Amino acid sequence: MRRILLTIVLAVLCMAGAQRAAAQDFQTLLQDNADEVADPGRSTVGALLETLIASGDPAVSTFLERWQDRQVVRNAEDGLFYYAGRKTGDTVQLLDIETAEPAAEAPAGAVSEIRPNGGVRREIAGALVRFQLSDPNIASRRAALDAIARSPDADQIEPLAASIEGEPDDTIRVRKEQLVAMLTVRFGDDTAERVAAIESLSGSLSLDARATLNQTLTLRAGVAADLPDANIARVLEPGEDLTPDAAYAQLVEADLAPPRISPTAIRDALAANLSGGEVGGVLVERLSDPAARLVAYDSLAARGFVPPRVTEDEVAAALDSHVFYEVYDEPDAAVTTAAQAMLTRIETAVAVNQTIDLSLDALSLASIYFLAAIGLAITFGVMGVINMAHGEFIMMGAYTGYVVQLFIPDYTLSLVVALPLAFAVTFGAGVAMERLVIRWLYHRPLESLLATFGISIALQQLAKNIFGTQARPLTSPGWLDGALVINEVVSIAYIRIAIFVLALVFLGLILLVLNRTRLGLEVRAVTQNAGMAASMGINPDRINMLTFGLGSGIAGIAGVAIGLYAKVTSEMGQDYIVQSFMTVVVGGVGNVWGTLAGAALIGVLQKGIEWMNPSNTLAAQTYMILFIILFIQFRPKGIVALKGRAAEA
Amino acid sequence: MATTDMAGPGFRPAPDRRPFILRNPSVMYFLAALAVFTLGVTLLSEATGVGFLSTSFVKTLGKTLCLCLVAVAMDVVWGYCGILSLGHMAFFGIGGYAIGMWLMYARTEIIVAESLAASVIPPTPDEVRDAIGSQIFGVVGASEFPWVWGFASSLPLQLLMVVAVPGLLALVFGWLAFRTRVAGVYLSILTQAMTLALALYLFQNDSGLRGNNGLSGLQNIPGYGETSQDVISIAFFWASALALALGYVLFAWVVSGKMGSVVRGIRDNEARVRFLGYHVESYKLFIFTLTAVVAGIAGALYYPQAGIINPAELAPIASIYLAVWVAVGGRGRLYGAVIGAAFVSLLSSWFTGGGAPAINLGFYRIQWTDWWLILLGLSFVGVTLFAPKGIGGLFDLIAERRTPDRTGDYGPNDGAWRKEEGREE
Amino acid sequence: MSTLLEVSGVSVSFDGFRAINNLSIQIAEPELRAVIGPNGAGKTTFMDIITGKTRPDEGRVLWGEKSVSLLSLSESQIARQGIGRKFQKPTVFEAQSVRENLRMSLKNPRGPFDVLLARGKPDDETRIDEIAAEIGLTEALGRRAGELSHGQKQWLEVGMLLAQDPRLLLVDEPAAGMTPAEREHTTDLLKRAAQTRAVVVVEHDMEFVRRLNCKVTVLHEGSVLAEGSLDHVTKNKDVIDVYLGR
C-alpha cells in the first residue's frame, strides 16, 4: 500500500519535474554510467548512487525504487533504459524513465532486465532512504520514516541524524529525533549513549517506542545447574512462577532430563509389544484400566524393551537440582534496567490516555443510544406505550438517507436533505401508527406491545422485500472522514463527533420544546396526570399523536446518524432496540435527563466491559444485560425516578 | 363453556364433590379430541404401513403438539396471571439443550466406542472421554469437556436438568423481578433482556455448548440406531401428546378453584389481592416457575423431533411468537392457546415452506416466502385490534347462543391494565 | 377495651407537600370510629399508611397486644395481621362470580400451596352463604361481580371484608352512591361489626356519620384537629372554621 502511494506521489512529482525541464536529461545521466547501471557491483555502486543523488533530478527516487525492484530494463535496440510495462504476447511495453508514461514497445527478446544482487539492493535502499529523508515532498519523508521504523538497521542512524538539521516540518522532526533515539537504544555504541537515548523516549506514547523498549527487554527462558553469569531478569521457582510440568518440560528440552512417557506413548509401546493376547504379563482385556497399563509398561521396562518411566521422585529431584531463570537477550544490565523503568512510565501514560480514548468512545456510544432511545422514552413516558417498532423507525430513517443519496449525489447536500426528510417520513409513520393502532390500545399496554411488534416484523420484512437483504451504504460527506488525532493513543472519528453534536442539539431541542413551549407544557401535563390534563381542556388525543410523531421522528434522525457509520440493513433496528429499552428502563421513565443518564451508563458500561474482555462483544452484551437486571433490583424506577403520587400511577 | 368459569357457576348449597375432570367438561372434550387425533395420526402414519402421512409430517405434528404445550404454559402465565413473559421460549430452548446434551453425548459415545473397539488395546475411560470431547467440540476448536457437560453421560441426571435448569432460572429471575414489583411492560422488557442475554451467551464458542453450531443429530436416539425414524417419530408423537394431555390437565387444575381465583385476581387487580392478605409475589413466582418447568419439558420433547438446536432458537423473537400464538388463539382459555399455537405454527410452515401458491398480480408476483411475515405481522395487529379474544372467542359466540343472558366484557384484556394499581383513591 | 392500633407522630410528604403531619390516633377494640375532614385532609393517605401502601417518613404505627410495628410489614402481611380495607371506589374482581370473590376472601391459609391443595371445606361454603345473606346477595352468588349494580358491588366488598374476619376494618366512604335504604342497611352492618372488632369509617357525609353515633376524629392538613362525639366536634371553633371557610 505504502509503495503504491509512494509511487503515485513520486510519479506525479516526476511529471512536474519533467515539465520544468531538468537541467540535465536523466536518460543521458544514466547513459553516462550505463555499464554500472546495467551491471551494478556492490563495492562500486556507491559512486554511481552519489552521482545520481547529487544530480538532484526529480526522477531519481522513482528510478531507485524501481531499480531496486528489478523493474528497470534496457532495450538492446536503442541501448536506452526504460521501466518494464505490461507484456502482451512477445511484445513488452516500455515506459519512459522520466515520466513513467508508455514510450515505446520492443520484442521481449530485445529487452534485458537489470537484476541488481542483494548487496547492491541494500545499498540502493540505503541511498533511497537517505534521498527520501530529505525529499521535499512530506509524504515521501513520512513513508521513509515508516520504512525505517518497520525494519530498523544500525546503518540508518547516521543519515537519519543528518537529515534532522534541514527538516522544515516540526512533527516530522520530532519523529526523526525519536527514531534516532530508538535506533540508538538498539544499536548504540556504549551504555551511556543508549541509556541517554532511552531517557529521551520519555513522553512518547508511540507503539514504535514501546516496541523498541520491548525488544531491548526480550526475555529468554533458561535452565541450568547453576545460575550463569548473564543479565538475569529473574529466577523462577517451580510450583510458584511456573508449573512443575512446564519446568520439567523445559529440562527435557534442554536435554538435562529424560522425557516423561506420555499415556499415548505407553499405549503405543504396549501395542508394539503385544504378543499372545498379553503384554508384560497383563492380559489385553485388562488394559482399559490405566493402572494395569502402567504395570504392563513397567514390566516391559524392567526387561529393557522400553525406556523406563520417569518417576515423580526423579522429576522432583531434577527440578531441585536445577535453577530456572529468565535472561535478557541484551547483555547490558544498565540498559535493561533503564528500559524497564522507561517502559513502566510509558505504559502508565498510555493507560491514562487509553482511559481517555475509551471515555471518548463511550461518550459517542452514549450519544447514539441517547438518540435511539429518547424517542422511545418520550412515547413511553407520555403514553405508557412501548413501541416495539421503534427500531424499525430507526431503520426507516436510515433507508430514507440511502434513497436520498441515490437522487442527490453530493454527500453534504444529501445529508442536509436527508435529516429533515427522515424526520418527516418517520414522523408521518409514527402519527399513522398512533392513529390506526395505538390509540385503540391505550388501556391495554401489553397488547400495544404485541401489536407494535406485529408492525415491526411487517416493516422489517417489507424493507427486505424492497431493498434486499444486503447492506446498503449511507456515505458520509468527505469532511466527516478521518479522525481527530490528539496523540498516538487518543483519537476520535469526526463522524462520532458529529453524532455527539447531533445528540447535544437534540437534547437542547427537546428540553426547549418540553420546557418552553405550549406543546411541551401540555405533554408534561399529560405525562403527570392524563385525566387531570384532559379536564383542563388539553386534548390528550392531539398530544398523544404529536408526541408519538415526535418520538418516531427523532428515531428517523437517529437512523440517519447510525446509518452513517454502520451499514443500513433491514435488521439494523433490532441491533438498537434492546439497548434503547435498557436505556429507558435504566434511566427512568418520562424524563429527558433520565434517558441521558441511562444512555451514558449503558454506553460507559458497554465500552468498559468490552475493554476488560476485548475479544468478545457477545460476552460484553451478556454481562451488560445481567448488570441491568441487577440494577433494576436497586433502582426499580431507574436513575431519575419521578417522586410522589404521580410516580405511583 | 369458557375455562374462566371452571370453578363452576351458580348458586350451589354444597361444594361440588365430583372428580375434577367431570366438573370441567372442556377438559374432557379436549382430552377426547386429542386422543382421537393421536390415534388417527398413528393409523395413517408410515409406522403402520398406511403411509398417508409422511414421517416428516408426523414429526411436524409432534413438534406442533410440543408448541401447543408451551403455549398452554404461556397462556397460564400471561392469560391467567397477567405476566407477559418474553422468556418462555428460552426455557423451552434450555429444556432442548439439556436433553440434546445427553443425546449427543450418548450417541457420540456409541460411535467412539465402535471406532476404538478396532484398536489393539482396549481404551481407558479417559481415552474414551477425550475422543468424545474432540468429536463434539472439534467444531469450536476445543476438546475439553466444559463443566456444563458434567452430567451429560447420565440420562436420569440430564432429564433432571430439563426440569431443574429452567425451574431454577425462572425462580431466581422471577424472585428478583417480582420482589421489586416490576410489572407490566417493564417486566416484559426485562424478561426479553434475560432471553437475549441467554441467547448471546449461548452464541459464544466458549459457553461450552458449541456456540452457534448448537447441538445436532438429535433425531438419532442412542440405543435405537436400528429402529427406523418412522417408528421413532410415532413414539415421540405419542410422548408429545401424552405430555400435552398431562400438562393441560395440570394447568386446568391449577387455574380452577381458589388458586385460579387468586391468580386471575392478580391479573385483574394485583393491589386488591395484596390487601386480601395474599403474598402476590409468591403466587406469581409459583406460576412463573411452574410454567417455565413445563416449557422446559416441552422443549425436551420438541428438539429430538427437530433434530437440531442452536442459540437462534432462544432469541427473543421466538418468545414473542409464542405470545402471538396465544393471543391469536385467545387468552385466558387453555384450549385457545392450543388452537392458536397449532393454527399459526402450521400455517407458518405452510407459507414459508413454499406450500402456498404465489399470487400473480400481473405487475407483481406475491411470493409467500417473502410476504408471509408481513401478512403475519399485520394480521396480528388485526387480531389485537378487532378480535382481542382470538379464535377461542368464537366458542363464546356458540356458548352465547345457548345462554343468551351472558354479557359483559371482562376478559383478560382488562387484566393487562396495570396502570390501575395505586389509584384506588 | 384495649388499644388495638396506635399511630403516633407520623408524617409523610410527597414532593415537599406534607400529606400527613405529625398525626397521632389510637383505635381501641372493639370500637367504631368515624374519621372526617375536608378534601386533602389526608384521610386516604392515613389508611394507606396503616395498610402498608405508603411508607411514612417518620413516626410509629403499632399493632395489637404485642405492639408489632406495621411499618416493617408488607401489605399482605398487614392484611394477614387482621386489617381489612374497603376502597372508596368498589374494587371487586369483576371477572369472577360473587361466590368466588367471597371464597377468596375467607380467612384461610394464604400460601400458594395451601390454596392449591385446599379442597373446598363444607364450612367455607356455609360461611359464604351466611355472609351472602348478611349482605343481601344470596340470589346473586352465581353472577359475575361485574354484572352487579354499584351498590351491590359496595356490599360485596363489605362482605369480602367480613369474610376476612379482620380485627380492624378500614372503610373508605362506604355510603357513596347509595340509596337511603341502602345507607341504613350499611349503618346497621357497620354498627354490628363494631360490636366485636374495631371499625374505622372515613366519610364526608355528616348525616351518615351522625347515624353511626360514635366517636369522631376530624383531620385537617394531615393532623388531628379535634376528637370526640359528633356534637362535641361540630361545636369546636377550629372545625367550624375549616368546614365553613374563613
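Just so it is clear, A, B and C label the chains in written order, and each chain counts residues from 1 on its own.
Note that a contact is a pair of C-beta atoms (placed from the backbone, for glycine too) under 8 Å apart; a residue touches a chain by one contact, two chains touch by 3 or more.
Note that the structure is a prediction, hence the values are computed from the model and not measured.
When each chain is reduced to the average of its Cα atoms, A sits farthest from subunit C.
Every chain gets a centre from its CA atoms, and the centre nearest the mean of all protein CA atoms is that of B.
Ranked by C-beta contact pairs, the top pair of chains is A-B. Subunit B and subunit C have Cα centroids lying 44 Å from one another. Subunit A and subunit C, compared by their mean Cα positions, are separated by 68 Å. Multi-chain contact residues of subunit B (touching two or more other chains): 414, 422.
Those residues of subunit B whose C-beta lies close enough to touch subunit C in the complex are 4, 7, 9-16, 254, 257-259, 261-262, 264-265, 268-269, 271-280, 282-283, 286, 407-408, 410-412, 414-415, 422, 424-425.
The touching residues of subunit C, counted against subunit B in their complex, run 44, 48, 51, 53, 74-77, 79-80, 84-85, 87-89, 91-97, 99-101, 103-105, 110-113, 115-116, 118, 120-122, 124-125, 129, 138-139, 141-142, 144, 146-147, 160, 164, 172.
Taken together, the subunit A residues at the contact with subunit B in this complex read 263, 267, 270-271, 274, 284-285, 287-290, 293, 380, 384, 386, 437, 440-441, 443-451, 453-462, 464-465, 578, 581-582, 585, 616, 618-619, 621-622, 625-626, 628-630, 632-633, 636, 648-649. Taken in their complex, subunit B has these residues touching subunit A: 78, 82, 84, 119-127, 173, 176-177, 179-182, 184-186, 188-190, 192-194, 196-197, 200-201, 203-204, 206, 316-317, 320, 323-324, 327, 370-371, 373-374, 376-381, 384-385, 388, 413-414, 416-419, 422-423.
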